[in-house]
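Common to both upcoming complexes is chain A, partnered first by chain B, then by chain C.
Up next is the complex of A and B:
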C-alpha cells in the first residue's frame, strides 16, 4: 500500500530500520552465535511485555503526556493474576482478565485525574508508580508467587510457527495501534491534542475523553504486559518491571517519538524495542558486564535523539 | 547635516536562494528610518544581520565608521544595537519586570536587587504606556498587545545607539501606537537612530524621516517621507499596484444566523446583544483591552460566560445553543484565533491534517477508519480553490507563509461546512497581497450566504470588509454603525467613549492598557 508513499514518516522508518540492521550485522560479525535461532528465540521471548508497554507509552507521549507508572502496573497485574490462580483457585482465564482489568482501572484513574483537574502527567503517574507498586506487594503478600507451567505455555513458541502466543498478541497490539494512530479519528485527534491543546479545542475537539482514553489504553496494555511477564518468568514477582517505563520511553524516542507531544510512530517504536533487545543480547554475548551494558545502552539512546535532531536540521526546535 | 551612524555596502545573504542582494543602506544619527516591503522581501534578514542573529555572506557594515561584525546578539548589544523582534522573545514564566530587565539585571555578586529591578522596570513600563500594569505578573497572562509593549520596554532597557523595531505596533490599537510613536520621537537624539519596520504604511509615513523599500531582496529606493505617500510606497513594494476594488454588498435574502443574548463575560460587564445574518460581515471594533476578543471567544465558547447565551439558528425556526467550542463546531460555527502559531495551526503537522482536523467524520468509513484517498481529494480541491501555495499537502504547515497558513485555517472551516465564521485579527502581520487574498476569501464566503464576525485592530480593514460595525469601549457596547452611516471619526469616538466619560478633560492613556 503506497497511499502515503514517501511521506516523512516512511523515510523515518527506513532510517531506524537501517540502524537495526546495522546493529544486527555488527553483532553478527563480532560474536560467534549472535546470528542463531537461539538468540532469536531468546529475544522473542523477552519482547512481548516491553512491546505492549511501549505501544501504550508511545500513544501517551503523542498526546503530550508521559506514563511513569507502567512498570509498577506490570507488576500489579502479574501479582493479581498469580495470587488469584494460586491462592484463590480462580480459573486462569478469569484471573487473566482480572489482572489486565486492574491495569485498565489504574490507567483510567490516572487519565481521569490528569484530565479532570489539569494535573501534570509526570507527577500523577509518579504517584501512581508508588501506588501500583505498593498494591502489588499487598496483593502478593510481598512474596514471589510461583504459578506453574500452564501459564508459561503463552510464552513458548508454537511448533510450526516458531513464535509464542504472547508475541502474536503483542504484534497484534502493534498493528492495531498503528492503524488507530494513522487511520482513525481517535489517532488524528490525539496527534492534534499533543501538538497544541488550545488549537485542538478551537478545532472542536473535546480534550478530556481523549486524554482519559489514551491513559486507559496505556494502563490496559501495561496490564497485558503483566500477563506476558508472568508467562515468561512463570512466577509473579512484586519486584518485576522496575525501570520498565524508562526502557519503554527510550524505545519510543529511538523510534522517533517526541517527548514534547504531537509526533511519533508505533512502527518506529516497535523497531526501537527491537533495537534495545538486540543491544541487550548482543552486548551480553560479547561478554560485557552489567554496568558496561547500562552505559552503552544509555549512550545509544542519547545518540538516537542526537541523530534524530540532525536529520531534522539542527536549528529546528520543538516549540 | 547628520552623519551616518550605520553604513551598509554591497551586503548579500543567501539561504537556499539569495534573500539579500547588494544592499547599500545608510542610517543617519538623529533619524527614524522606515523599512518597508512585502513579507519575504528581506527586511527581517537585513535587521537580523545588523543585530547579530545572522551573519552576512559578503559586504561591509560600518557602525560609527568602524566595522560591525557581531557574532551574537550580545556582541551587537555591546556595540549599542538593540532589537525588538516580531517573533516575540519574552519568557513566559518570568514576571513583567524581570522580562523588561532581562538584559540588564541590577545585581551584586549575581544576586538580584529586587527593589532596584522593580524601580527601573516601572520607569520603562511607564514610558511605553504600561504604567498601570502589575509588574510582578507573569508575562504569560498578558494580552498580545501588552506583550508587544513589554518587548519594546525590554529593547530600550539598555543604552543603545541603534534601535531596530520589527512590527512593534502590529497588535496595538491606534491610541497605543500614538503613545509609542511619541516615545520613539523622544528617544531619537543626535547620537541615536531607529530602524522601524512596519506594514502599516501610514504609521511609517507619519513617524519616519526617511523610508527605504525592499523588494525581493533588493533595496529599490530610499526617499524622504515628506516627498511621498502610501500609494507610492505600495507601488514600489509590488510591481503591480494591488488596487482594492469596492466589493458589492450581498444581494440575497438575509436571515438570522447567530444571535448573542445578554452576553456577560468577566471583561464585558454590561450585557451585550448581537445578531449576525447570513450574507453579512459584522465587525467588532474597539481599543485593545476593550473586551472584543474576550467577547468573541465567549461567543465561541472558549472563554467564560458569566451569563447570557448564544443561539445558532437552523432552518424551520429551530436553534441550537452551543455551550463550548466543540458544540459550536457541531453547530457549524468556526473560529480563527488571534495567535495563529500556537492556537490556530498545528505546527509540525502536515497541511492536509491541519485542514481536515475539524471534519474527519466526513472521511470516515466503516469501521471508523479514515478514507485517506477521499481526504486527499477533498484537500486537493480545497487547496486549489483557495489557491494555497504549497508544494504538497504533506508539507509541514509551518513551512507555509503566514497568509497561506491563515487560508488553510479558513479552509479547515470550509471543509467542516461552517456557515458562521468568527475571526480574531485575521490578517495580523500579513503583507498587502496576502491580506487582499484573504479578504477575497472572506467576501466569497459571505456571498455564499454565510455570516462572519470579525475583530480587528485596524479600522481600515473593518471598514473595508464589514457591512456593520459594533464598537466596544471598556467592556460596553458603545455604538453600532452601518456601512453608509459610518466614518472613521464616529467609530473612533465611540471606541474612546467610556474612557472619556471617566476622565473628562485629558483622556488617561494608562486606563486603556489596564
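Up next is the complex of A and C:
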C-alpha cells in the first residue's frame, strides 16, 4: 500500500514537471532570450520567498487547514528586520532572528487559537492577516525602509556555486519538509489528521500539538520569506506580499496538494512554485499588457489543476 | 395612538439632520468641518500628506476642523466609497479627496455634491468624461504629473545618447497618475530620440518591479535606462540591476522623492526623481476648499509645482 502510493507520487511529479517543461518550451519559442542563463538566474533570485512560504502552506493544507496570513507575515518580518537594522542599529544577525521569530510567534498564536478553541483556520488566519499587516505598518512607521547592500548579499549568487544563500536555504527547507512529511511520524500523523481528524483522534493521535506545530512552522517559514524578500529588494516595504498567500496556495494545489487536507507533496509544490515563477518571468519578457498577463496566469492555474483532475479520474472529488 | 407616536418619532428622526444643517448655517461662529479622504495611509507619501494637513489644522484651529480618513491598500475603491458615504452622513462642509480610482469614485462624489458638500480633488485627477456624465464640476488641485515625468525623462535623456534603449515601468494601468507619468516619459524619450524597448506595469510595487526588470534586461540586454512611474518601482528596478551587477551601465529614474530614494539619488545610485511636494498637496486642497467656503472667487483648480530632484540639485541645497 505504502509502496503503491509512493510510486503514484513519483508519477505525479512527472506530470507536473512536464507542464513546467511545456511552459518553458512555449516561452522559449515565443521570446528571444528566455532560454538563457540570465533568465535562470533571474528566476532563481525571485524564488526563495515564495518557495519557503509555499512549503509552509503545503504542510498547513495537508493537515486540513489554510493560512491566509503568510503574505502579511512576510511584510512584518521584513519590516522588523529593516527597522531594527536602520533605526535601532541592531546587528544584522540579531535583527534577522527577531524578524523570523516574529513569524514564529504569529504562527504559534494562530495555531494555538485554532487548536485550543476549535476555530476555523480560515477566519483566524484572516484575522492574523490584518493584525500582521497593521503591525508591519506600525513597525516601519508606514515607510519604505532602505536597508542597503549588506543584506542583499544573501540574495546574490555565490561565485563558483552560482546560487545564492537564500536559494540554498529555501532548497534545504524543501528537502527537509519533504523528508519530514514522507519519513517521520510527525509527517504521517499530519496526513492522518488531514484525512480525518475524527479517525486520527480515535486512533489515539493528540491533534492539538500537531496543529500548533504545523502553523508555527508555517509562520516561521513566512518569517524566513520576509528575510528573503528583504534580501532580494534591499528595502523593506510594508505593502509587500499582498496576495502572496494566493500564489502559495496556487503553487501547492498545482503541485497536487488537496485543499481538503490529507494529501499533498512538497516536491510537487516546489514545481508549482517554479511554474508560477516561469510564467511571471516569461510573460514579462513577452511584454504583454497587464490584462493579458492576469488572464493567462489565471488560466494556467486552472488548466494545471484540471490536468491533475483528469489524470486522477473524474470520480475523485478530494481536490 | 401608539402608532401616531411612532410616526411623530420617525418624522423627527428624518427631519433631524435638516435641523442640524440649518443650525450650522445660522451660527457664523461654528467653523466648517473638512473631511480629508486619502488613499493608503500605509504609504509614506499619504502619511506625510496627512501629517502636514494635521499641522495646518492645528495652526488654524479657529478656522476649521478636520477629519482624516484613509484606506488600507491603494486599490481598495470600495472602502473609499464607503468613507465618502460616511462623510455625507456626518454632514461635513467639504471633502478633499485623493481618489483611489479616477472613475469609480465619481458616483459617490455625485451623492456628496447633491448633499451640498464642497468637493476638491487632490492628487490624481478624476476622469473628465465620467464627471460630465454626472454633470459634475470638481476642481482639481494638484501637480502636473505629465510635466513632472517629462522633466525626469528629459534629464535621463540628457545623460544617455539618442538611440539608446529605455524601459518604462508604469503603475496600476487604470490609474490616471500612472498614465500621465507614462505619457510624460514617452514624450521625453521620443523628443530626445531614445528608443522605448518595452512599457510594462509593475502595479506600483517593488517586488513586481524587480521581477519585471530582470526579465526585461534578459530580453533587451542593451537597455540603458529604466523610467519608473513611482519611487518604489525604481527601488525594485535598482535591486534587479544590482543583482545582475550592471549598476554602472543602466540608469534608473523614479517619481515621488520618498526618503529612501532621496538618499539613493544623493549617493548616485538612482539618477533622478520628481518632488511634487506631496506633503503639501492636502494642505493646498484644504486651502482651496476654505477659499470656496468663504465665497472667494476661485479658479477651476490650481496647479502645484513639481521639481526635478538630482544629485547636483540636492548637493546645491546643502
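Miscellaneous remarks
Going forward, the second predicted complex is superposed on the first by the 312 of 319 C-alpha atoms of A that agree within 3 Å, B and C clash if a C-alpha of one lies under 4 Å from a C-alpha of the other, contacts with A are read in each partner's own complex, and residues count from 1 in each chain.
Note that contacts are C-beta pairs under 8 Å (C-beta built on N, C-alpha and C of every residue); 3 or more make two chains touch, one makes a residue touch a chain.
The shown structure was predicted, so the numbers you read here are calculated from the model rather than taken from an experiment.
After superposition onto chain A, the partners chain B and chain C occupy separate space and fit alongside each other. In the superposition on chain A, A:119 contacts neither chain B nor chain C.
Residue contacts after overlaying the shared chain place A:192 against chain B, while chain C stays out of touching range. Of the two partner chains, chain B is the only one that A:203 touches; chain C does not reach it. Within the superposed three-chain model, A:281 lies in touch with chain C and out of touch with chain B [touch as defined at top].
In the superposition on chain A, the chain among chain B and chain C reaching more residues of chain A is C.
In the superposition on chain A, contact of A:26 is made with neither chain B nor chain C. In the superposed model, A:165 lies in contact with neither chain B nor chain C.
Contacts of A:229 after superposition: chain C is touched, whereas chain B is not reached.
No C-alpha atom of chain B lies closer than 30 Å to one of chain C in the superposed arrangement. In the superposition on chain A, the residues of chain A contacted by chain B and by chain C do not overlap at all.
By the touch criterion stated above, chain C contacts chain A in their complex at residues 40-44, 47, 72-73, 173, 198-201, 203, 205-207, 210-212, 214-219, 221, 231-232, 235-236, 238-240, 242-244, 258-260, 263-264. For chain B in complex with chain A, the touching residues are 300, 302, 325-326, 328-330, 335, 337, 342-350, 353, 356-358, 360-361, 364, 368-370, 372-373, 394, 396, 412, 416. By the touch criterion given at the top, residues 31-34, 36, 38-39, 41-42, 45-46, 133, 137, 141-146, 149, 152, 155-156, 229, 232-235, 237-242, 280-282, 284-285, 287, 289-291 of chain A touch chain C in their complex. Chain A contributes residues 3-4, 7-8, 179, 183-186, 188-189, 191-192, 195-196, 198-206, 262-263, 318-319 to its touches with chain B in the complex.
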